[in-house]
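Two complexes follow with chain A in common, the first pairing it with chain B and the second with chain C.
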Partner chain A sequence: MKSLICCLVFSVFALGLSVSGQVIRIGVVGPMTFIQGIHHWRGATLAADEINAAGGITVGGTTYTIELVRVDSNEMQPGPDAVSAVERAITASKVDFLVGGFRTEAMLAMTEVAADYKKIFLIAGAADDGLLKGRVDKNYNRYKYLFRITPVRSTYLAQVSFILLRDVVETFRRELGISQPKIAIVAEQAAWANMIVTLVALQAGTPVDKGGFGGQHVGTWRPSALATSVAAELTAVERAGAHIVFTVFSGPVGVVFGRDWGRLQVPVAAVGINVEAQAQGWLDATGGFGAYTATAGIYATGVAVTEATLPFIEKFQAEFGELPLFTAGTYDALYILADAIRRADSLQTDAVISALETTDYVSTLGRIVFDELHDPIWGPDYITGLGVQWQDGAPKAFWPREWQPDPAKLPDLVISTPGTVPYVIPPWVKDHWQGK
Partner chain B sequence: MVASILVNGLVYSGVYAMLALGFGLVFGVGRVLNLAHTAFYMVAAYGIFYFASTGFGMPLAVVLTTLGIVAAGIAVYKLFIEPVREMEATVLIATLAVAVLLQELVLVFFGNEPRHVPPALSGFTQVVGVRVGNQEMVTLVVAALSLIGAWFLLSRTKLGLAIRAAAQDREVANLMGINVNQVTAIVMGLGLLLAALAGIAVAPLFTVEPGMWMNPLVIVLAAVVLGGLGSLKGSLIGAVILAFAEVSVVFLVPGGSYLRTAIALLIMVCVFFIRPEGLFGSSIAEER
Partner chain C sequence: MYYGRYLLRYLQNEILVLPSRVIVLVFVASLVAFPLISQDPNLLRMLIVTALFSLYAVSWDLLSGYTGQISLGHALFFGSGAYASALLSSHLGLPPYATIPAGAAVATLAGLLVGIPCLRLRKHYLALATLAFPIMLTGLVLAFPGFSGGEGGIWRIARLTSTRIEEYYLIVGVMLVAVFALWKVAGSRVGLIFHSIREDETAARALGINTVRYKLFAFALSGFTAGVAGALYAHSSAARIVAPGVVLSLFMSFQPVIWTIFGGAATIYGPITGVFILYPLLDTLNVVIPKYRMLVFALLVLFILRFMPHGISTWIRDTIERVCPSCQVRNIATRRACRACGVELRHMQP
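The block that comes next holds the complex of A and B.
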């Protein structure tokens, strides 16, 4: 009897070992009770299901399936939860790779843990330049494990949001005859937003011929990222005489802004970055007051950035009933990782890193090629992102539309993504400023 | 700008004053520092969201939410606070535990995504050139009516007299035949009624989310201390000062509007340099 039990225990143990040997465990890191983390998880599960259904990943003749581990970093709240969660995922859940992450402040700490344990971390959610710049380039051996999939780094995000702001400034000039629109900035108090705020404040008043917006900067407001009302800030923006408010929000304060802005019909056009406005539930979350919000985004109704975009959006919508947020870029992260593992034909970390560094992959976001910082290259033919505005109850893309990336050197290069529509000044803003 | 500060400051003052008065009453009469006070305000906001979104209609939703909060609050008082009421540190920990428990329960039932309650009155009105949402005016009216009602109860009724007597000196009130424990329970209910009304009033203005109780708790504690512990008038005036300080920061230091609460608290600390007992509190020497 004793030997039978021993035999059974051994068999179960051996079976467990053999099963775990054919599994690649990927930790999906995100604030899982917030929409950003929920989309991290959803994007990853879609990709994992597809890859597994297609036969998994074959390495050296052995086929592996992907097993996802949910890593709730609770990173919206300050505190040690994020680091503990990643450490637990690596040491207790034995994950082989990590994807996701959102808040820069938490990501800086979480990526240190990944570097300590020499685990590849594909960032899908945090934009701050400093996550890779000054780390991968200055201390490659420690930080070579970090790659960013989405969004593009803050500098490029700023560039996209500048282009969107320029678009809105031009629309004000063209439709309302306001030659020098006044620009206010409302940005959440978070590290990733600082550089964007500084640049927009500098550029707002710089003449157009010197690369600026040719407007006037009338003030910057920095509410807490967890503020529950920004009515006072908006009143102050209106008092400053702003025509346009440039927004920089990644967290729930974006909803608060959209609701108060629409509810009070503050006569300023809102454009910039507002992650919450990328979500399908934006209008519900803002009580219907978030219409005409414009934001840099990744996905929009009916817009095919690449051939992979629409099938992914359709599948995501069919499965979850809403548009994916940019944090659902974990979908692409998993495919890029799988592609690198296949090319490396190895699960050894250094081999996978080398393969990742030579990635040239057409994702749902655009063509992903990493630069020397392990950041995806931004620009025409690579990733650009979209300018999205809520029109007629849906997120419509208004950029890239007749975009000339370099009119001086390449005057003939004009990019228009199919499915884009013109930007619309919110009607109450137009009524307020018409003829003034 | 002055008009903007005045109008916005008034709205915040109303909300903070409702919370501070309830908190101040419970502390003044029961000597209970109820750190769960604003957690009930948060639960009330979720209550109105839930009942309003499940088709109960706003008036019924208000009644159900208010009754639910008062009943739950008194149950919490009887179960968790009354048995340890004489031990101040234990009360603090127990009420903080209740607050966190309420937050986690809300998280389980509603999730972390921000919720929205439709305004009772949509649109806005220009008041001395300042754009004020009609819902803000409703909130201000609710706050004013609540505070007038509380003032009437406290100053014109026998119950109010008993509450004030217990607030001044529990032992003497007891000797005068006032059932201080019963009065404390009533005051707990009254404080929670004010918290519930504040939660209902702000739900259409603020984002309803599980962490929405923390910042008001800091402000309410500061208001009560600034006004002078145990002084109801002081709590109200402390709330108004802090509300105006917060709004002024937004208008005067726009780049630092995230510091609004920190600067409001700094003002409180500055007041303590001049009057350590708070604006309307009695000094320790006087108490002795």
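The block that comes next holds the complex of A and C.
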């Protein structure tokens, strides 16, 4: 009888060990009750399922499977929740790595916790330069654990949105004969937007031959990221006589803007950054008023940035019924991490960091190579992003299309991503300004 | 030996005779002994934030609960303490033992600056006026982003201590000492004057009380206490960053109101009860049901206030103790006769 009990106990123990297996725990950090966090989680689950189905990650002869831990940082609401969530994930859930994050203000604090506990944090959702600049370069030993996957840092994001704005300005000149379009800026109150707003305001009135837009800056409005109406701001924009409104939104105010802009038929073309407009449900969310919104984006219908893009989009759409947001870049983050662990053949943090630093990976976003700040390099052959406009009920890419990155030095270099279409001025805007 | 006997006698005659005092003793002993039971950094962090917010809530109770000067912009004091401390730490590299008193001093000054223009305002007019001050400070912070860190806030702030346990003992120690001091103030003649100002300011003035001076004192003392909490928060491991969206937000202003009303206003221990129940609860709900946490939280607060309108701690105290009608001394509810004057208590309602 005793031996039978011993056998049973041993069997249960052995079974427990085999069931638990060898796992790598990865904390997926994001505001999980908001679309940004939901896509963080979806991107990560898709990658984890694929990696596990393909046999997991083998390190030193041992195979590990990925186990994801949901870390709700509640970043949209300010408070100590984000810090608590990350610390809980590290100390209680025992995560080995962290991916995700969204709000710069929260990310600055959360990455401090990651640095304290020496945990690698692959940022997939926050753009502010200061997350890495001034940290990884100034205090490498403390902040070497931080890498950014997506989006590219604010400076580059600004660069993309400038190119998009220039494209729209040129379309106004070409199609409507407005030589000096008036540009208004509507940007959410958030740290990451500040630099972009300053630069656009500066460049708007600068002549084209001096690198500016050759337009006129008529004002800047900064609603809250959680504002429920921007009708007042849009009325002011209209009264200022603006032709184009440059938007900088990452929060729910993006939907509010799209809804109010289309509903009020404000005669300005909206272009810039609007994270919510990257979502498949954009038109539904804006009550159908969000058509013709143009934004810097990552994914668009039928556009293959790399060979990995379309299979990922198709899988994501099949699984979740919508286009991935840029925060679904956790998908690439997990693959890049898995790749680094395999190359390091170790789970030792320093070894994985060294492997991450030598990453050269073709992701769904483009080719990812990290610079000395642990930021992905931006530009042709690396990551550029897309210019996306809602046309005929779908997000269509209008950039990079006949893009000359450096016309002076490389006049023959013209980049056109297959599947891109021309930018279209919203019909009511065209009707309003035509002949004036 | 003498002091030991005195302490024992004091414990026997003053503490153990009343269950509410026993609860306080057990609570303090548990806080002090907690790291001996668990050193989980998560739990310690939660208790650190809870202790800081307790101090913050008590500061609101002193001003609004005791003196009746309803403040809906209390984040001003918390935020000015946090910002002053964080700015001194990040710009001048001063250590926390220098920046925290400076932060408290700035918050005291803020208390006086708010108090002076608000002296003529009462009730909801005063509440609305106070609401404007943290918004004004937020505007100032956003106007000078190079200096204040703007929307992104300040995050290069010196840490309070090198270990979590040291931090825990420091913050819990400061909280206990400060609360004890405020409890003494509230129980003194000054506390009585605060009560009188709340109940009938005109009558208090008619009795020769300089209500202006005492109201300003309440603003300054409340500002100082909230400033200490804010400054400690800025250096704590729970914050890491001082941003206007965190320390000067409307939510930060409303939280001490909820905690105090839930726990029991004008009691000092009420807000502490409120914070020690509600903050860990909200933190746990964030893990268990993040989507519905605010709904559950709000329903719970409504439920408690429906059945315990004077707050949970007041309800508990009135259930387990009763006041002697003759000498006003509190007794345990099971006593038949008053422990001080011997009047029969048996048929009294609690």
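Structure notes:
In this section, the second predicted complex is superposed on the first by the 415 of 436 C-alpha atoms of A that agree within 3 Å, B and C clash if a C-alpha of one lies under 4 Å from a C-alpha of the other, contacts with A are read in each partner's own complex, and residues count from 1 in each chain.
One rule holds for everything that comes next: a contact is a pair of C-beta atoms (placed from the backbone, for glycine too) under 8 Å apart; a residue touches a chain by one contact, two chains touch by 3 or more.
Only a predicted model underlies this, so the values are computations on that prediction, with no experimental measurement involved.
In the superposition on chain A, A:N194 makes contact with chain C only, not with chain B. After superposition on the shared chain, chain A has more residues touched by B, the comparison being chain B against chain C.
Contacts of A:P223 after superposition on the shared chain: chain B is touched, whereas chain C is not. Look at A:P324: by the touch rule set out above, it reaches neither chain B nor chain C.
By the touch criterion stated above, A:T104 is placed in contact with chain C alone, chain B being left untouched.
When both complexes are overlaid on chain A, the residue A:T33 reaches chain B and chain C alike.
Look at A:T91: by the touch rule set out above, it reaches chain C but stays clear of chain B.
In the overlay built on the shared chain, the residue A:E112 is in contact with chain C alone; chain B does not reach it. Taken together, the two structures place residues 33, 77, 189 of chain A in contact with chain B in one case and with chain C in the other. Considering their complex, residues 31, 33-35, 76-77, 189, 219-229, 231-233, 235-236, 238-239, 252, 255-256, 259, 263-266, 281, 284-287 of chain A touch chain B.
Residues 1, 4, 7-8, 11-12, 107, 111-114, 116-119, 122, 124, 130-131, 133, 135-136, 205-207, 209, 211-212, 215, 246-247, 250-251, 254-258 of chain B touch chain A in their complex.
Residue ranges of chain C in contact with chain A, taken from their complex: 40-42, 45-46, 49, 142, 145, 150-153, 155, 237-241, 243, 245-246, 249, 251-252, 283, 286-287, 290-291. The part of chain A that touches chain C in the complex is made up of residues 32-33, 72, 74, 77-81, 83-85, 87-88, 91-92, 104-105, 108-109, 112-113, 116, 128, 130, 189-191, 194.
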